[in-house]
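In the two assemblies presented below, subunit A is common to both, partnered first by subunit B and then by subunit C.
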Partner chain A sequence: MRRWQLASFALFFGLWELAGRWPVSPAFPPFSSTFLAFIEMLRDGSLGKAYLVTAQPLLLGVALCALAGIAFGIGMGLSRTIEWLSLPVFIILQAAPMAAIIPLLTYMYGIGLTSKVLAVIMLAAPVIVMNSYKGIRNTPPSLLQMCRSFQGTRVQEVVKIVLPHAAALIFTGLRLGLAMGFIGIVIAELLITPTGIGDLISYHGSTADYPKMFATIASIVAVAAISLHLLQRLEQRLFP
Partner chain B sequence: MIVEVKGIGKTYDNGVEALRDVNLAFPQGQLTTLLGPSGCGKTTLLKIIAGLIPRNAGEVLVKGKPVDGPGPERAFVFQDFALLPWADVLRNVAFGLELRGVERKEREETARRYIAEVGLKGFEHRHPNQLSGGMRQRVGLARALTVNADIILMDEPFSSVDEQTRRKFQEDLLDLLRHHQKTVIFVTHSIEEAAYLSDQIALLSPRPGRVSKVINPNVDRMKTPDEIRRDRGYLDTVDEIWGMLRQYV
Partner chain C sequence: MRILSAALAAALVVTAGTASAQTKIKYALGDVLGIDDLPLLVAAERAKKRGVEVEITSFKNEDIATQAVINGQADVGQGTPYAALEKVNVPIRFFVQLWSLQFFPVVANEHYKGWKDLDGQEIAVQGRGSGTEAIMLLMAKQHGIKYKNISYVPGSQVRALAMLKGNIRATILDSTNKNFLLKEGGSKFTVLPLGNVKASDEALFARRDYLEKNQAAITVFVEELVRVNREINKDPGSMVKVRKELGLLKDLPAKLDDEIPTYFKEGVAGGIFPNDGGGENAAKSDLEFYALSGSIKKESPKIEDFWHLAPLKAALAKLK
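Take a look at the complex of A and B:
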């Protein structure tokens, strides 16, 4: 299994190398020069510096979503009133094309950190809220009846049954929220003002340093894929 | 009569009338079966007695007093077991006591005793997904026993247990309940199960559910399980029930 996965990566990079050397387009560098550009950017620290900048709004946004979004989703799951008030908003947010809405943030909140954090929140919040909400709502009715049959109180029902049952889905929501957050931050850094990773991509693009541009893009794909994979592994261990 | 139901009626929100004017009495220390075809409202009746769903008419008397919700003198065993998947057997069995605020050491001690009684000693730290259907229902039964209720309500407890396990479980159940002198109200759709287990069988007719007959099987309980299954009284009871029920199928 492992070997097959490695083989598929080797095949992919091999085809990339071929396509770059052919070349498909002068703006499409082969894998080898992209990889060398990546090493160079690691060495001169520009990649590390960019990630420090990008990480701020990303982590801040996802953390805010984790706190407020989970609380909100739980509230929606437990209270019909909160559900009635807010469910339509999140269903619309989930379906809305975010790239079209993010430029609006610039008009309202300028080009600073606030706009970027908000961009992350707008993408990550719906999936985090909806997963928490569904986790609460999907509690098996027989477990609730069991609790009542032993004269459990509403508080015991929530603390001992509803929340533990929802925990796995809430965690899944966080993981998917982070995935959406990656999308949000890259869009924000490309659309609002170029900073961090977005700055590296647009700068190297504008100076026609395509290997560095591709290396940056590939690196954000790799960072997102690896961190989400690790979270998934953690999830499988926590909630078998 | 430890439990009595008088004039129970139940119509669901969707307009389906599940029960109409059901009157029944359940003698102390005996096992009464609610038997009938699917859709006759037998589970509904059991859950009304448990206080888990509201009724539209009539009253439930437990030890002579009308009740409106669950109470400590009644414990429920669920068809789908209703075990906490994230908790081990020990915590699941002790869960009824946990909800009542019994201190951990004390409730686990009690739980261990009942785990041994239902034959699950050694499985205290397994999780429900590591157990077979029969073993899961033993956990459900042990949980109902730990709270020391006089009345055990069982909703088709063996329906997702395979045939061989079921027979053994039925025999163990009879032993246990006789030993603890529990009053049991038992829902099933299996005629053989009803005839084998019951002191009293209430036959329900379908839609709306009403008591069509109460049968007291004449089975000598002192016999061994295999003798009972060949007993004249047992076989006659099975025939009598089938004679009544065939008109509904």
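Take a look at the complex of A and C:
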């Protein structure tokens, strides 16, 4: 990490400390007590347990999206019929305010794991599908013409030209899908039933243990940011 | 010039007079308005006629309403956030009890018949550290059983619907939703017997400095709240008539009209509406119950650390 990056973190945490000590609100803890609360939650295992619970629907949802979403996106990119049938659904899903829709899942799928997995899918799927679709559609026509001029079959065209060209955008879709998945799972855990990270946030909020509440929120932001950063680096290595 | 000065002075007097006559209490309610809030709405209407306007704002849940009071955006909050009050570094105190806990543990007959059957089984309650969890834990202790897992499902209505759909098999509901469940599900569900659990379900709290500075206005409001409770205890059906007279809860679906007398009759039978605003007795029961539930961590908590009884005492003195 470069020096100016470290300085930027130091400045941010310093301002947080000042704002907490001022305080901007009796419910806003300084950085130092939030950090101590974070260490305490790591030590007593509550944070680890919460992440295990949250990871289950998150990973399941993102995995299902990765399999079905990419296949669907590729299908949309290759077939005009599938595109005509599905594109409006995903455009609407991208624009819909999910925080308003997710609570409705409980009426259809109850309060368990299914609803939470679906919440992740509803947020992650449009990004993954649309990126795969655009990746396929953006294949340069000159490459396709070249394949055809060498009398390449449709299968060869897809396997050797279209898919390798779309791979970078498909991977970007997966990375952004994971980011949306994080949003989906936190909303679901706060709006459907409090479990995992959502339970820690709401419980510590209700008992006015604000350092622990802020530590939980900061930790999920950090976990999401680090995961996405690592995926971005992997993406840069795979598709330079 | 003299005329202008006199007019200005007169205007100032009028303004000052209006300001003192129009005291406003910003009230944070952690729920949408329902049948159980009728006593509050009636008291607010009557207090308004006495120059104390109670401006009720509905928040998504009790936690946010409590936050509003802690941050000074609301003057008075409703609920029982004992855990928050113990931890937060702003002195917040309860000052009147609206009603005490009245919940009904319900099980699906297909799976369970009594408390003993819940040994090693999963149950659903409102939230971690909530009154509903405390009651279920207390009952488990009394019956010598241990639950396998406790799920947190906010909203009695959500739990009642989940019971009907078979997603949960044992839970605890408020009066309105217990009646709804029994009406819809009939013989499929059983209400388990509950021992004598006495603690506040809803009490009012505010910053201590606010209560001291605004004791006159708060006393008027408390007086009206206690007066409404006394009317309900005398005649549980009175709220139907008063609601119509004052035009309250106009948006309430017509099918819920019949629920109003049922709710208040059940409440009066269960003795949940205190005639004296709860006071010291309510405070003592609360400290005992919420310490048992784990909401209060402090050993031997004191009443004065959680309650400020001066406005209630002043109101009761006027009501005699």
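The rule we apply is simple: the second predicted complex is superposed on the first by the 239 of 240 C-alpha atoms of A that agree within 3 Å, B and C clash if a C-alpha of one lies under 4 Å from a C-alpha of the other, contacts with A are read in each partner's own complex, and residues count from 1 in each chain.
Quick note on the criterion: contacts are C-beta pairs under 8 Å (C-beta built on N, C-alpha and C of every residue); 3 or more make two chains touch, one makes a residue touch a chain.
Keep in mind that this is a model prediction, so the values were computed, not measured.
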Side-by-side fit of subunit B and subunit C on subunit A, or clash: fit
Touching partner for A:148 - first (subunit B), second (subunit C), both, neither: first
First, second, both or neither for A:107, with subunit B first and subunit C second: second
First, second, both or neither for A:8, with subunit B first and subunit C second: neither
First (subunit B), second (subunit C), both or neither touched by A:199: second
Contacts of A:27 with subunit B and subunit C, given as first, second, both or neither: second
First, second, both or neither for A:138, with subunit B first and subunit C second: neither
First (subunit B), second (subunit C), both or neither touched by A:232: neither
Overlay on shared chain A, then closest C-alpha pair between subunit B and subunit C (Å): 51
Residues of subunit A defined as touching subunit C within the complex: 25-27, 106-107, 110-112, 193-195, 199, 202-203, 205-209
Subunit A partner contacts - residues on subunit C that touch it in the complex: 62-63, 66-67, 70-71, 81, 83-90, 127-129, 151-154, 158, 161-162, 165, 167-168, 295
Of subunit B, residues touching subunit A in the complex: 47, 50-52, 69-72, 74-76, 78-80, 82, 84, 86, 95-96, 98-100, 147
Touching residues (chain side subunit A, partner subunit B) in the complex: 140, 142-143, 145-152, 156, 160-161, 164-165
